[in-house]
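Sharing a structure with you now.
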Amino acid sequence: MGDPALRGAEWDFVGARRRLEAKPKSAGEKLTSLDDAAARVVDGDRVAVGGCLFSRTPLALVREVLRARRRALTLVRNLTCTEGELMMGAGAVERVMTAWMSIGLPWGVSKVMRHYVESGAVALEEWSHLALGLRFRAAAMGVPFVPALTMLGSDLVAVGGMKTVADPYSGETLAAVPALFPDVALLHVHRADRFGNCQIDGYPHMDADIARAAATVLVTTEELMTDDETRRHPDRTVIPGFLVDALVHVPFGAFPHECYGLYEADFDHFGDYTSSIDARGPEAAVADYLARYVYAPSAWDDYLDLFGGERLAKQQNQARELTQ
Amino acid sequence: MGDPALRGAEWDFVGARRRLEAKPKSAGEKLTSLDDAAARVVDGDRVAVGGCLFSRTPLALVREVLRARRRALTLVRNLTCTEGELMMGAGAVERVMTAWMSIGLPWGVSKVMRHYVESGAVALEEWSHLALGLRFRAAAMGVPFVPALTMLGSDLVAVGGMKTVADPYSGETLAAVPALFPDVALLHVHRADRFGNCQIDGYPHMDADIARAAATVLVTTEELMTDDETRRHPDRTVIPGFLVDALVHVPFGAFPHECYGLYEADFDHFGDYTSSIDARGPEAAVADYLARYVYAPSAWDDYLDLFGGERLAKQQNQARELTQ
Amino acid sequence: MTQPFTSAELLAIMGSRVLRDDTTVFAGVGVPLLAAALAQQRHAPNLTMVIEGGIIGPRIKPGRLPISTNEMRAAHRAQMLPGITDTFLFAQRGFLDYGFMGGAQIDQYGNVNTSVLGTDYWKPKVRLPGTGGANDIASLCKEVIILTAHEKRRFVPRVDFVTSPAWLDGGDARRRAGLPFGGVSRVVTTLGVFGFDPQTRRMRLDALHPGVSREQVREHTGFPLLEAPSVAVTEPPSADELAMLRTLDPERRFLG
Amino acid sequence: MTQPFTSAELLAIMGSRVLRDDTTVFAGVGVPLLAAALAQQRHAPNLTMVIEGGIIGPRIKPGRLPISTNEMRAAHRAQMLPGITDTFLFAQRGFLDYGFMGGAQIDQYGNVNTSVLGTDYWKPKVRLPGTGGANDIASLCKEVIILTAHEKRRFVPRVDFVTSPAWLDGGDARRRAGLPFGGVSRVVTTLGVFGFDPQTRRMRLDALHPGVSREQVREHTGFPLLEAPSVAVTEPPSADELAMLRTLDPERRFLG
């Protein structure tokens, strides 16, 4: 399935390292605008999206990538949610690498995913949750693979072309989970300083590994912290500034997905969205959603206005209640 | 060097997993006394010691192991400091696996280490800092090795018998850093609740990996926190209670080594100690130190009294000044 | 069945009884989480729940049950939030005693399909959501328990696609595939409890729920079932179990 | 030498000049840390210091210079504390541009020994402290700079033990050993600055410090040195560099 040379680039640890070696690793200013950040994504990129499912999804960045009408992207995300549906509907992705795709139990199997995958418009390459996590981790470690005990024996092995490796000590056969070096990482965090040092509250998902694995790292942050705040809590920093290429200050940057402790996901919004899909079919419903939520509002604040302050405040209260 | 069967146990991921499978993994009470905790260390054990050099060393636990007159231990620690010298002087260790051993630049090369290693009384097996860290990490991951790009080409490869592995994707040769599953881990942390959930401030060193790698985990904590405190800051927990076997509340449990943010290492004490070694030779000086600081004071509070409250307070102030 | 409980309640209660104290369990959202929470309240106070979103030791809030494994409701009052990869690595290391699973198709060797219906993966008749963490749970936990409605279309001779490996082709196939640990030990369905023959690893009827006949089971199973030498009858959900379970999901979001 | 600066000052200043802006450097305690801090203050404001104890972006406190890479003084006002293993993994991934090293023995291919003197590792004449992170820095950084006093007993034809590999036996030996990246690019000593022939990888005199002769260098080197086509003379430490450096170590703990 697919071009083997292209696939080789996924785990080419030498090439991935040379890319980093050629790049400045600055402790300096990283703050910029959403469109300037998203301009670093080009057609054909392997794009890793941080967070997981509807948690801490970098939706402001995803939206900007869609507004820039990018094409032929490969989306990599462990649990893929509405952002993946929008990317499919917008014609931005040709391949999705994931362990699971839908919104969540109450909304059933994703009809958008079924439509684009069953028709062959998008290839869905499935890896186990741990295996995909280890693909990022191997890349973060700068090695072409890590051994593991998962996925073996299953039909998933053939899907992604995973190989095995013999342990040189015991002789046992283990899964050799290949590294996955993304071209770009899109991440959303709780706090960052202007130099790109990032801190995350609650569950960390895989963002730290993804940041180390990618050639280019774009980050949005709920809160901009001072250099002094970073240095007062250095043990909270999970991504160092020197590997961040662009940082944008975007409160509610994951909405209507959740951000731990700050706002809960807007389940009613998901319900309205899936009702529209049920009523009008995946293509028309997603096209309409894209028109209203992605292409029409040019600024992120305009986008948030579509939800309204009252709804945002309600989701904030619910998050506080659940995490305090 | 050494018994190959014994060495095989270091990286036997199947045996190490069976040990865990056979063990209760309780969410219940872990609080006990120092001597009860240390009684779980038996002669011949591979003992991994948390912290690094003179930082967050579990000295109360090390002292208790020495008071129990354990023998034939293998000490594993990345940077080995006075605790290693005391274990050598007490005749407790026959092998030390480390990347570096001495106290620090101002005190020169460890005369105690030289005495016991050059005479052949103790085998010092040297691994690179990262390789030893990856040995713990491979074990924490439950795999027999992890590939790496370090130690290759050096004479360290032959010392520890490290092998190589061919990447099944690119064909490149990488170091196959073998797992190291300790029998026991001794750790000192900032805060733990009575169920053994542990939180660490400042640099984490390798404690989290060591805890996952070891068959038995013994922890001392500066502060005992409530269940509610754990649950209010779950993103600070680095060791889950279900893998902790024994927990002891020991304020200043790393002294005269440092504990980040709480007290600085007592450099004057190190100076007095090395002066005594210069004057009287390693064997006599360490024997005297053991008599005074390890064997004579039965309780940890008696031990702390040898330093005095004024000195402890001074070290606390210095730590505060450096970390705020 | 005429008992005063739903299928979901039956599964949650039967599932909870499997869990011993002083253990850890990988619990997915819905019935598995309710089974684990019930066990914790009833007979396993020192059980630790682990959720694949990267959550250890949560206290599930009645009325605010999580919809996904990666959200604040799942993390409510947790003791640790180690991240997804590290959470699965706890299982790979051997720290996870139990894992719960379900699936669109289950075969006579306990293998589960949650990926595609149809024979060509790249051109599926029906594309399902995928493994999520199920493959990892099936590969890495010490013991795996399948909780599922018992339907003929679900219990197939051979799954279209092995998403989560149990005993593969039976015998020592699992070991030979490079999976030295774990495996599915029990299948708890709405009709009974099933194990696997220790030699062939074929599915075996171990116990029937009260009022269920062998014939009913065979009728709803798409492959020939082995039978234990003496097929037991399960103890029905007690009033006590039902009451406790119902307080956990007062809105009956998952209890049906 | 009669210049009004110490050997340590000379090494720190020469070391600092190597570091470009917008880069990262693995800095050990003592002279390397001072070199990095000086570069940061003078010409590389966007340089990030990384310390192997697991410390990124510290602000070293004058008068409270760290004694070890794993202590609060080294972590003072740091931006991140990722742990030791993860810090080295940043280097393995390719995030570390520079690494500084020293050593008890250095050979003509730049290999360094900090483990044992004598030919039998298990029965050493002198047991040294060991590699610490030096082997990893030598293996993983994009470019390694050795800072050392220039003494004949130190500059040996072949190190007793290769703790930290540079070019091994020369030629493409490093690549063949499985080290595709990095290598020692420069050796900065109290007498001059040295590089390596791109083909043979033998050490080559590139520049002399002011007032030092080729003969002096040969006299203090235990192996035959190559010479660059035109051997330069280094710019001596400026008053400005010396003043800045001295404010970093007012107690002269490391500046001698």
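Note that the chains are named A, B, C and D in the order they appear, and that numbering of residues resets to 1 at the start of each chain.
Following the convention adopted for this analysis, a contact is a pair of C-beta atoms (placed from the backbone, for glycine too) under 8 Å apart; a residue touches a chain by one contact, two chains touch by 3 or more.
Just so you know, these numbers come straight off a predicted model, no measurement behind them.
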Those chains which touch chain D and also touch chain A: B
B-D compared against B-C, more contacting pairs: B-D
Gap in Å, rounded to a whole number, between the CA centres of chain B and chain A: 38
Chain B and chain D: spacing of chain centres that average the CA atoms, whole Å: 29
Centre-of-Cα separation between chain C and chain B, whole angstrom: 39
Interchain centroid distance [CA atoms averaged], chain C/chain D, Å: 57
Chain D residues counted as touching two or more neighbouring chains: 75, 81-82, 89, 92, 180-181
Where chain B touches two or more other chains, by residue: 14, 141-143, 148-149, 164, 172, 174, 202-204, 234-235
Chain-level touch network, classified as line, ring, star, complete or other: other
Which chain pairs touch, all of them: A-B, A-C, A-D, B-C, B-D
In the complex with chain B, residue positions of chain A that touch it: 8, 11-14, 141-149, 163-165, 167-170, 172, 174, 176, 178, 201-204, 232, 234-235, 324
Parts of chain C lying in touch with chain B, wherever the complex brings them together: 21-24, 45-48, 56-57, 59, 75, 77-82, 89-90, 92-95, 97, 142, 180-181
List of chain C residues in touch with chain A within their complex: 29-30, 52-55, 61, 64, 67-73, 75-76, 81-85, 88-89, 92, 115, 121-136, 139-140, 161-165, 168, 173-174, 177-181
Residues on chain A engaged by chain C in the complex (per definition of touch): 1, 52-55, 78-79, 98-102, 104-106, 109-110, 113-114, 117-118, 120, 123-124, 126-131, 133-134, 136-137, 148-156, 158-159, 164, 172-175, 202-206, 208-209, 258, 260-261, 264-265, 267, 319, 322-323
Residues on chain B engaged by chain C in the complex (per definition of touch): 14, 16-21, 24-28, 139-143, 193, 195, 197, 212, 230-231, 234-235, 237-238, 240-243
